[in-house]
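Heads up, there are several structures right after this.
Shared between the two complexes below is subunit A, which pairs with subunit B and subunit C, respectively.
Showing the complex of A and B:
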């Protein structure tokens, strides 16, 4: 197990290097730091001196890869590539354009993101599984048929509609919860209810439909037929046998997104004014703060790879036949 | 020679279309302008026609399509999709009108304004611009202005320039006027659909060699092999919508007007092309890479497989939105610093749309590539592939002749499933500010600009409603159709269900 983990982590390194090179190419090679400075300072009426000053303030006044004129004598480390890209590997994200430390901001902002993401995940799982189980119980009847159609209709509605509609209905017409904002402690609940609810409703269609397929696949297996042949009632078969076994693909499918929960939901957070990582990213994109975008890209890929490794581990836990790393 | 018959017909038809287009252009003093996305749309249409001809002559391809054609919901959805496609295609033929020739001028100068055929059809919608917001069917503007009534200055809602301008007494006459116009539309729709029904019966009767009357009864009783009646009913509903719009939108603003007074219906119609282009061109652009790399990884294995797997794992590990954001931000900087490359506004928005498709393609090819790799691993173990290898058939030929046809169903399913997701993604991306150019008309931009007006009282809801409804109908139709395609082509789903 340990050997496998070490190998997986070593295998993740080239991927992270690849991500890093790609973002580096996008941000520094396609567009020179001069272009970036001009973009921030306004394209017209900009003096070369202003560009130089902007670059110096943000640490872009070095050569890309090789700096023979370095004062400290480090021709390779005193470059943009090293200071902006390589240092991401030790999670040193540097400063944003407004001078704030990105690493500090990330550690502060991940909690509101989790406060939305974790309840959404748990409530969502409960709702989707219940809905899908109901459809599977009434399979091949009109209830199932209508349920699937409903799921397709829900899937076809834009996620923005749920948010805008929900905000209007619940906050503006019924005045049940505030439209947007955030607070710490228990008072946060009234700010969190609506985003969580909308997050759950927003993906009810696709998830329930997917879970229904998993249930139906399971229902057609031999052991279910055996259970029925033993004379067990349909209810017992479904809840005791099918549900337990169908949970394996459902839960292992979720493991991969677990680390990504830190990243937060971009749209929800930004609409509801929650100071999480999602709205942090959106604000960075809108203000064209490349340092934050680069940091989030790197963080996102690290979390994704952790998710993949966790998925593999979870497979061995639920299914002892799978052995990792050995042949 | 016989095998090429359909292709020759197609090529002749295309030549005819091109010549007539050029002919029309010469006689009406317009200059065709082919945008980049236009060219790709034409390419896509030609590819689809070729694919249809191909599928017609091969039983194993015709079977699943016939299966789809028998499904009621799928065919109803297809009629709706065709409607959208028709609007999108009309909006994909661009031209510039010639300016009036000055005395002594020999050369023809063309207007800087690029129009599409849809713009011409919807001239009434496009040109009847108000000054600001107005609600659907409103006769008065949304905001108060200083007006002069009987010589006094009064602050009141002014009458709209066009919406309900023909009414003398709007408060009393409006409802009866709308009802009257709607009834005319209903009558027109009924007459037109009766005409189409007759044509349908005649055509079907000729194919079946029965009488027209008998065929009509068969259709009305849902007894035909293909669900003609369902398709016809869908068509009727759409026709009714079209006639309602034709009758009402020339007198009112059916969906209201937006901030600068543009008719929202016009914006929603123009958005159709943007949505369709993103949904289709993205897949068209990524398809060659996904198919080539996926099959190569599965066929060659070894280091080729390792490299390709490395590439898609790397791309996959970057959260999609962030990769798109990174690429679009770089593009923005590039465009800002190279304004000389984009002559007109429409060139710039078109280029940005194309780039967005490419970037979306780069982020979305990995899933298909992985599926194809897995399937190729399986298919290349099959006897006939091993036999081909033993005969010394070249790798390229084995991949294109033996493996590709056997994994085509996966490609097809992926294409139709991706479509609706991409249409929805456009709205979200435009909201974040990394979607299409803000100057381009799209549902995402409509929603984004209307969102800020939610706080106003009375609420400005019509822009949002129009964008959501148009998007919903398209995505729902696409989802229902793609379900049928998946059922028909996925070998794991048994056909009997």
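Showing the complex of A and C:
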């Protein structure tokens, strides 16, 4: 297992370099350092000298990849790409182009994102599994048909509708919770109820149908028939045998997204005024803040790789037949 | 239904209900209890603020984008000045009520009068010709006894030594915000702080957006910037990037301290508009020790910078800076005090704007600004009374505004029922469409090119544009100068005679037939080139490429089709658009300008030849160059307002209207809604420090909030009942299924 993990981490390095290179190339195809300077200095009264000074101060006055005229003689390292990338690998994200510390911002903004993402995940799991198991239990009855139709209807509605409709109904008409906002501590609960509820309802359709399919697949397997033949009640068959086995694909599917939870949900956070990480990258792209863009893409890649590794590990936990790294 | 059957069904329902899981019943009990208890408290459940704040004298508003800079030398955006305007105090300010806009002292004792001197520094009389003036000298005397807000940079130990100007690495490690410093102090505002701030404009580490512009005026600032760049480079090489650049060691030629409360600024030539700059936060004081405090290594990694924690003498200080959620300002305990104005323009007394005359400012104890990126939640919270003031987005315009049969604007019944009030004002801005005057097709000053541009100006019906796309919130522009700025003229004498006729007391757009005639005279009869017969095609460069912009672009195409001209919309991103403008390769474009200060010079310079965008990187985006206009501009820019200046401006208007380098577009009209508990809401589009004049009636607000936001709980109970009823058949079905299989 350890050797496998080490190997996976080493494989991750070229992937991260590649992702960084790609981010860099894509960003600078669209934005030149002059454009970035203009964006940061504003549109009024900006002189070419001010642009040059900004580039110099922020290290964007060098060539992108190759610097034959380097004063230090390092044609490859005295470039924007190298100077802006190398510190990422020790997780030193430095300052945004507007001067604010990126690590500080991330550590401040990840908690509100998690405050929505974790309850949504847990409550959602409970609701989706319960709903899907009910449909599987009543398979081929009017309850199943009605449930599937409901799920398809819920899937077909835009996520934005749930948000605006939820705010309108629950907050504006019924006055039950604040329309938007955020607070720390226990006060946060009243702000989180609605986004979590909407997050859960918005995904009921797709997740319940997927889980129902998994349950139905399990229900038709031989061991279930054997269990029933042994005289076990349907409840025991479902909860003790089917659920346990069906959880393998469900949980492994969840493990891969766990590290990404803290990256936040752009639309939900925007509408509910939650100060999470959801809009951090988008705002940075809009403001041409390369420092934030590269840091967030790098972090996202690292988290995705971690998610994949965790998935592999979780397979070995839920299914003892799987051995990592062995022949 | 027989009684027997009914009884059987009733028993079935009863037995089914009895099987509902205990947890469900428990949930019902808890919910009912919560509803009852909360209902009794009378406090709205949807209140986003702590209950303790409900009766407090707090102003609630929103911001849509996080402010990037709160350092006065850097901050230049309207979303930043909402905060910096209340915290920092430049020497001058605009009178809150008087119109036209008038400068009055803020921290200064009086508005300075420039002294003109020649190249040998000999004083010249006031009425001397501009050519003889080598320099203007402004001497500013500030009021003594003004104190800064509490800040750790001012904290001193028992020996009078600064406590926090030499932090140890451990102290920096333990610091996460300014609140982590146990002590704070204050000190008196002195002239040197103003001089220090002017030097900061040239600091290479700060990147002030007005450094380039001010270098053209403040004597020695340009050289000072170069000097500081060298010094900074050397300092960084020798001591590292956090070495403190002590500006007090580097004098600036054009700015001098004359005494504890007096300083002097020397500028090149005559530039009367300089006074307006002295009312902006760029010229607010920054104490050198504050710069020294924030420059300590490691603090920037905790975002402990002047950009994050501003320091000023104004009526408010920033007590919470979380630009991702909330910005909070509270009263500065050391504020020097100021009185509400006791005079204004005619009608102010009747409108109630003088009811608070001579009362001490500020009225509001605390201001809470919440981040609202989306307009719908912000609007709904305003309607619930959780924001005191609101703009009107397109989505909510019909809900808020109604037009009477005369086309006059008024509030809708729903707004009136809530006691909401409307205030409107034409912004000191202009949005126009420009022709690139260097372009071979649409540019140039020949008669045929003029006629082509005039024809297009007639065809683009801005009255219709304003009605369709901005809900009537704008007035068609007749020239570059918006209403409220000296030089703008109302009525028949103020119209653009090349596009409008004055008919029955109103401007009327000339006919399309006349525009077609002009087009034919320009060499494009029926929209085709006379010589070749090719259709005339105009290329419109725009960054409006989103799905929402499609209708707008289609409308523009339709306007050109009136003349049989083909409009090709070239959508591009912002960077490419800027590139095209700088290189002068765009043919037709949209642009806009917000006034820096209320002087016609700030609009006329947008058409001044030496200020063109191509090659000179100026603000003349159309690259317009008319020698006579330039000559008159040089004359008018330094004149005092009066009939003579008005006459020259009229002459300039005639030139540019005839040349038509812009389709003059529109001046936007601001619509602002506010609740009945919010007072002294008079639009002042130039002043940015107006929070101190505003007053709230918190008791009235709390009462109305309670009235408007009583929780409605019956739909929840109904939903639960429906769910329970829906479960009954499922439970029955489950039981039937179990029994059918005979498994227990």
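Throughout what follows, the second predicted complex is superposed on the first by the 292 of 327 C-alpha atoms of A that agree within 3 Å, B and C clash if a C-alpha of one lies under 4 Å from a C-alpha of the other, contacts with A are read in each partner's own complex, and residues count from 1 in each chain.
As a working rule, a contact is a pair of C-beta atoms (placed from the backbone, for glycine too) under 8 Å apart; a residue touches a chain by one contact, two chains touch by 3 or more.
Quick caveat: nothing in here was measured; it's all calculated off a predicted structure.
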item	value
Touched partner set for A:178, first subunit B, second subunit C, both or neither	second
First, second, both or neither for A:153, with subunit B first and subunit C second	first
Contact breadth on subunit A, by residue count: subunit C or subunit B	C
Which of subunit B and subunit C A:164 touches, first, second, both or neither	both
Partner chain in contact with A:57 - subunit B first, subunit C second, else both or neither	second
Partner chain in contact with A:1 - subunit B first, subunit C second, else both or neither	neither
Touched partner set for A:275, first subunit B, second subunit C, both or neither	second
First (subunit B), second (subunit C), both or neither touched by A:189	neither
Which of subunit B and subunit C A:15 touches, first, second, both or neither	first
Partner chain(s) touched by A:304 [first = subunit B, second = subunit C, both, neither]	first
Interface residues of subunit A shared between complexes with subunit B and subunit C	30-31, 35, 38-39, 164, 167-168, 172, 270, 288
Subunit A contact footprint on subunit B (complex, rising order)	310-311, 313-319, 321-323, 325-327, 329-330, 332-334, 336-337, 420, 424, 427-428, 431-434, 447, 451, 454, 459, 464, 468, 471-472, 475-476, 479-480, 483
Residues of subunit C that touch subunit A when the two form their complex	44-48, 50, 66, 68-69, 76-77, 204-205, 207, 209-213, 229, 300-303, 305, 307-308, 322, 324-325, 370-374, 376-378, 380-381, 383-384, 386, 573-575, 578-579, 596, 617, 619, 709-713, 715-716, 729-730, 733-734, 737-738, 741, 743-744
Touching residues on subunit A, where the partner in the complex is subunit B	14-15, 18-19, 22-23, 26-27, 30-31, 35-36, 38-39, 43, 152-153, 155-161, 164, 167-168, 172, 260, 263, 266-267, 270, 281-282, 285-286, 288, 290, 293-294, 296-297, 300-301, 304-305
Subunit C-touching residues of subunit A, taken from the complex the two chains share	30-32, 35, 38-42, 44-50, 53-54, 57, 95, 98-101, 103-105, 108-109, 112, 134, 137-138, 141, 143, 164, 167-168, 171-182, 187, 190-191, 228, 231-234, 270-276, 279, 283, 287-288
